[in-house]
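Both complexes below contain chain A, partnered by chain B and then by chain C.
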Partner chain A sequence: MKHLRLLAVIAFALLLVVPTAAQDESSITIALGTDAASLDPQLQNDAFTTSILSNIFDTLIYRTADLALEPGLATDWELIEDTTWELTLQEGITFHNGEALTAADVEFSLERPLDESLGSPLTSRFRVIEDVEVVNDFTVRVHTVNPYPLLPARLSEWFIIPQDYFEANDPAFVSENPVGTGAYRFVEWVRDDHLDLVANEDYWRGAPEIQNVRFRPIPETSTRVAALQAGDVDLITNVPAFRQAEFETADNLEIRTVPSTFFQYVGLDGTKNEALADVRVRQALQYATNVPEIIEFLFDGSGAQIAVPLAFGTFGLDESIEPYPYDPDRARELLAEAGYGDGLTIAMDAPTGRYAQDREVAEALAGQWAQVGITVDLNINAWADQLARYRDGDALVETHFMGWGTSTFDADDVLFSAFANRPNKTNYINDELTELVTTARTSLDQEERAELYGQALAIIYEEVPWISLFQQFDIYGVRSDLNWQPRPDQKIEVRTISIES
Partner chain B sequence: MGTFLARRLIFSAFVLLGVSVIVFGLLRLSGDPTALMLPIDATEEDEIVLRRALGLDEPLPVQYLTFLSRAVVGDFGTSIRHRQPALQMVAERIPATLELAALSFVVALLIALPLGIFSALYPNSFIDRLSVLMALVGQAVPTFLLGIILILVVSVQLQLLPAFGRGGIENLILPALTLGTYSAAFINRLLRSSILEVLDTDFIRTARAKGFANRYIVIRHALKNAAIPVITVMGLQVSALLSGSVVTETVFAYPGAGLLLVQALGNRDFPVVQAFVMVIAVLVIIINLVVDVIYGLVDPRVQITG
Partner chain C sequence: MAESLQQTTVPQLATPHAERRTRPRWQQNLFALLYDPVTLISLIVLTAVIVMAVAAPVLTPHDPELQSLRLRTRPPFWLMNNEPGYPLGTDALGRDILSRIIFGARVSMLVGIGAVIIQGTIGVLVGLMAGFFGGWIDTVLMRLADIQQAIPFLILAVAVAAVVDQSLLNVIIVLGVAGWVPYGRVVRAEVLSVREREFVTAARALGSSNLRLIFTHILPNVAASITVISTLTISTMILAEASLSFLGLGVPPSTPTWGGMVAAGRDYLATAAWVSIIPGIAIFLTVLSINLLGDKLRALLDPTL
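Then we have the complex of A and B:
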């Protein structure tokens, strides 16, 4: 009896400390894999940070969830000379601190990253800007160093920041207290704990439905899933593919997926292993790669095979190109023709701890290629090491397994820096391809560009400079009553979320 | 006592200098933060520009001397990823970690002391065997796994405590249990064997001959003499708790210094890692000093002299 009473007291005490889950209809808690890096949009290059910032800041041109470009802070953009774009700004937009948005803020936002002493990781992206000219309060001209068809795509990435606020305050302060024009105002940030936003009632697109947003970083995947299951959070990113089944049986939780802008490939360097300079060997490797099997067994089906190294939805990609079939016999034939009928050994650099199942994919490739007589010497590198080798270029062995994410959704992104530019990471040289891609880079005729990329991709398909693998899906776990569809670029735009009543 | 402290302080300064060289060197060997920051299509020129802006282009000895001369006055530089003062970032996190480590230590003692004493009083009894089993499991189960299991059972199934984060005491219970279990297992077994060893000595036999009750002998005489190795280990365990907090904080998304360290290492955020290691080194030196002073208080045979 005495024990019973004690138990009752303990149970009651525990009830008192039970967390009250956020059942408030106008609040939402979102758990991400890591915390924001810096809230100064120009001092970071990180998907989760950009996702958070897309709620606080706006861009001149807006990229819709189906990847089209439409007006953002600029109502109109027009090419008036080969190297000059004229943009008209919306009038009457104010930053969260009350400052009015004018052409001077746009000039500041586009020129600030060019200051090398700022230490911005994005400086390289802005180098194409020669000068930003303020015509009047609501008209700006962007002069580029050469004809640059990608400018609208870039302008859909770059957040517009308030000049006076950034100039008046200390950089360390600004990077913790963001002020933008976005749908949500910044409230508070306790690093690695929570970051709170509140609805901007004066938002130019209209006040958002959700009032309060809390972002919480939960690095450990199992904990993140548990937090959703326990009702502590409402939306989580990066659910592992193999845990999707658990959500099928839960009545108030759901999985939502979207093909990511990220694809994976194996780069082949013919200058480091002469076998790889032979197109038959490269084709043989592609024939020997069973991508559907990898997607099925390692990702529970959450992935899509790619035929050429570009993500779906990319401008310039002909989506009717069929991937190479899995054909180990053809692979063996080609290897025999090339004089490697008795086998071949190649080394591969592969990362661990970066992409979902990265190590396992590399091991699966080694296993599949072994079946046609290719032995893979696998170097599994911690992500920072792999990246350091990649940056150096010379440090990479003859093949490397990596992922590539696009932000412009334009074929130029991969085709120029990976194949046309010299030197590139796999020391690939093809004059015809370089000519096509370089021409497309400065052509302002989108039809001509699409045509040029079509020809370039035909060469890449035949030549197989990289083994094309697959595009993974971004997998989110959500409360079933959230009306929200994920975007392919990992941005969680809270203003597009509503809660079913 | 005065000379003892003076000598220890001078010695500690050399230890800190050594630690600073090692952490600085190892970090530089581990890679380059700019590689992780830049877009994938960045060129070598972009890397050079960014390195220059972050002061990473100087020769290593120059970088080290700059670091050292600033560190002496408490300036550990600015976080590369977060653009905030590194020491301040670490200092903000220390209270959360100390809170967790302190509660874990209390958990460890609450489990270990009664079990250890009881096991020594009644060796080979049911409780003693049970405590052997618990010690084995406690030391063998990885902190990581124990944490996840506790979250799944207590937070998801029973819905009793929050799964993660920092807030009130309710947020601390699961991480403290996770972190304290390992130390509890260790201290418990050490206490038992050390009491049993003392029970075999002459003065205990004398006490027995006088007809004192076993329980009285253990608590009045044996415990005090058995305490020395246990105190040493407890001091070591405090350091272990601090380092163990790295895993526990990551599992529970608990915003302490350990989580900060894991992420700073992943991002090669040199200034933050350096500030963290130096702060922890100072803490460990202080703990060891305190342990040595406690020896003297517990055991009069230990002379604290120069």
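Then we have the complex of A and C:
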């Protein structure tokens, strides 16, 4: 009997010890809130997928963690005419399948999304490209439709893919078996379970320290935190602000925080609910939204209110614009003027698992709007569903809660894609705004551009096509011995991680 | 059945207290119920839940939907830092948990009772037909029951709830339609024995129609079993509704439900456990009370079941 008890104790102790002892020093597991949408870099545009793909693929121009542009696959880029950029490629770079990187791959990578039949969500952004000209194996010229000063910023987002591999294989196969030039090679992807990568020993920047990487989608916040605390994963995204205290007392875990380039908003579509076509209703919604309260009580103060749908630090943003104050009385007045004094019901699509406390923010908005007589019919969607609805556009209901990551750090990104371009996700049409944004996009005079964006933002502030919410802080939970600092654009570049011995 | 109950009362006839002997049997049963503390407590809990469900708007101290982010995750009154006026604390959006529990009782009771009525109606009709007519009708109906039972109840409910629109009525219908089999089987078995009894043969000899035989002669004799199963399945249905709401497939998310409240508190288990635990206790107490009462009822009505 005594022996049995002792055995039981030993067995239990072993259970506790073995998993940590068996952990491979150069392997890490990263838990994201969502799974990859597609592994074809041109068939996706969400941040977590981009984060995973940035380990497999490279870009011509690299954006550093402090958001400066430096050489990537291209060593040099130069504006040689108003609409022509010349890029010089690094020699001797090979894709994971052995194919050498040449100018033809760049031409293929930049022209492929222009084909409408591909169904790429990036097509509208690539439309600035008129033509890509191969000068020789390591020199390409990109001709843009109009002068487009933001091309280098765009090139820092667009992954370069191998032409022969993509042309020889079926698109469905390619989208599940990515081949790039990046620091990690693809191993295996089991949807909604895990995605494994292994170090590329021949990586042109030098072999990365971490050998094996596993990405796991864990949408449930508390499960993600528990997985980190249990040692199942080493790095997690979006730790809710109210759980930071636990990390302060844990000796092997840490919180790392960075102001995000992402901001949150609610898109309003007047074509799907006529009430939202009335500017008074849209302004009323903005007045009825108590953003400071959300930041203070849901995020424990980590976040900043935005006045217009642009992230802080974006070129063209006049940061002196004051956000709409929280004024429920004014909101009720405006609603009454618009003929909705007796109340109004609107539907909202909101994701869960993607942004920090996203579900709660959506519910809090519904609660705040209820106070001025607006009933919100809330659809909480799993991220894959929300993304599918967003891509389709028509499938979205009249309002949707989403986040936008400004990757070019220029007002053009949001203002063109979201408001000037047609069709856009909220079917917003304003000719004056379109004129201003289109002119600004093709001008090479930065002062003139700033002036034009100022005017465009004044219209947006008045018209409220979107409810502007806040810019969040990205809060990561990590094992203390990981040398890694988060980037503001939510990309996790595993090659920059090392483990303290 | 009647004979066996009379036999059990024989020893009581020998007791010296005259009143006891003369009391009708239902009164004796009632006293037996009330003298049993477990049953008494169960009855009190259940009565409280029913009162909450019926009088929810009068009883609630706050609007169950009203948010106040300032007051989010305040603990219940027995813990530090509680907020006066919110005896059971507040949830992640600062809504009063007590008010939401009271309104949640409404959904639980409506679903429990509504689903049981639908199940009972379908199941009893099927059981009566199968048992009374026998032959191919019996074979077809019982194979249908087999098919239905091959699919686990909750999985079927989840699958259907995921497809249809979210509404209270749909949840009741889904649970009601998916759970008729136990009624059908029990009723059929009872009918098989009842239909061979002399009084049925006598009624048939007197020219009673099949309908009359089924509903005036057989049905009253299987009513006791139906009552017992109904009581026991109400608790199963309440649990099923809570499970569906927990998975986000039940009634629309804005309606307060106990299952939904447990789900909403998941992220706060480490920091504000009461957000999940209090509705969990409500589910637990209600289901336990109904089960204990159901057991008691079964013992009283039919010791052989």
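The rule is simple: the second predicted complex is superposed on the first by the 297 of 501 C-alpha atoms of A that agree within 3 Å, B and C clash if a C-alpha of one lies under 4 Å from a C-alpha of the other, contacts with A are read in each partner's own complex, and residues count from 1 in each chain.
Note that in this section contacts are C-beta pairs under 8 Å (C-beta built on N, C-alpha and C of every residue); 3 or more make two chains touch, one makes a residue touch a chain.
The model shown is predicted, which means the values in this text are computed figures rather than measured ones.
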| item | value |
| --- | --- |
| Partner chain in contact with A:Glu293 - chain B first, chain C second, else both or neither | second |
| First (chain B), second (chain C), both or neither touched by A:Arg191 | first |
| First, second, both or neither for A:Ser222, with chain B first and chain C second | both |
| First, second, both or neither for A:Ala364, with chain B first and chain C second | second |
| First, second, both or neither for A:Pro240, with chain B first and chain C second | second |
| Contacts of A:Gly301 with chain B and chain C, given as first, second, both or neither | neither |
| Per-residue touch tally on chain A - higher for chain B or for chain C | B |
| Touched partner set for A:Leu378, first chain B, second chain C, both or neither | second |
| Touching partner for A:Ser175 - first (chain B), second (chain C), both, neither | first |
| Contacts of A:Gly206 with chain B and chain C, given as first, second, both or neither | neither |
| Common interface residues of chain A - those touching chain B in one complex and chain C in the other | 220, 222 |
| Residue numbers on chain B that touch chain A, as the complex places them | 30-32, 34-47, 49-50, 52-54, 78, 81-85, 89, 92-93, 148, 151-152, 155-156, 159-166, 168-170, 250-253, 255, 259-260, 262-263, 266, 268 |
| Parts of chain A lying in touch with chain C, wherever the complex brings them together | 220-222, 225, 240, 242-243, 245-246, 290, 293-294, 296-298, 360, 363-364, 366-368, 370, 377-378, 380 |
| Residue ranges of chain A touching chain B (in the complex, touch as defined) | 14, 17-19, 34-35, 37-38, 40, 43-45, 116-125, 171-172, 175-176, 190-194, 216-220, 222-224, 226-227, 229-232, 383-385, 387-388, 390-391, 404-405, 407, 413, 416-418 |
| Residues of chain C that touch chain A when the two form their complex | 65-67, 69-70, 72-73, 92-94, 248, 252-254, 266-271 |
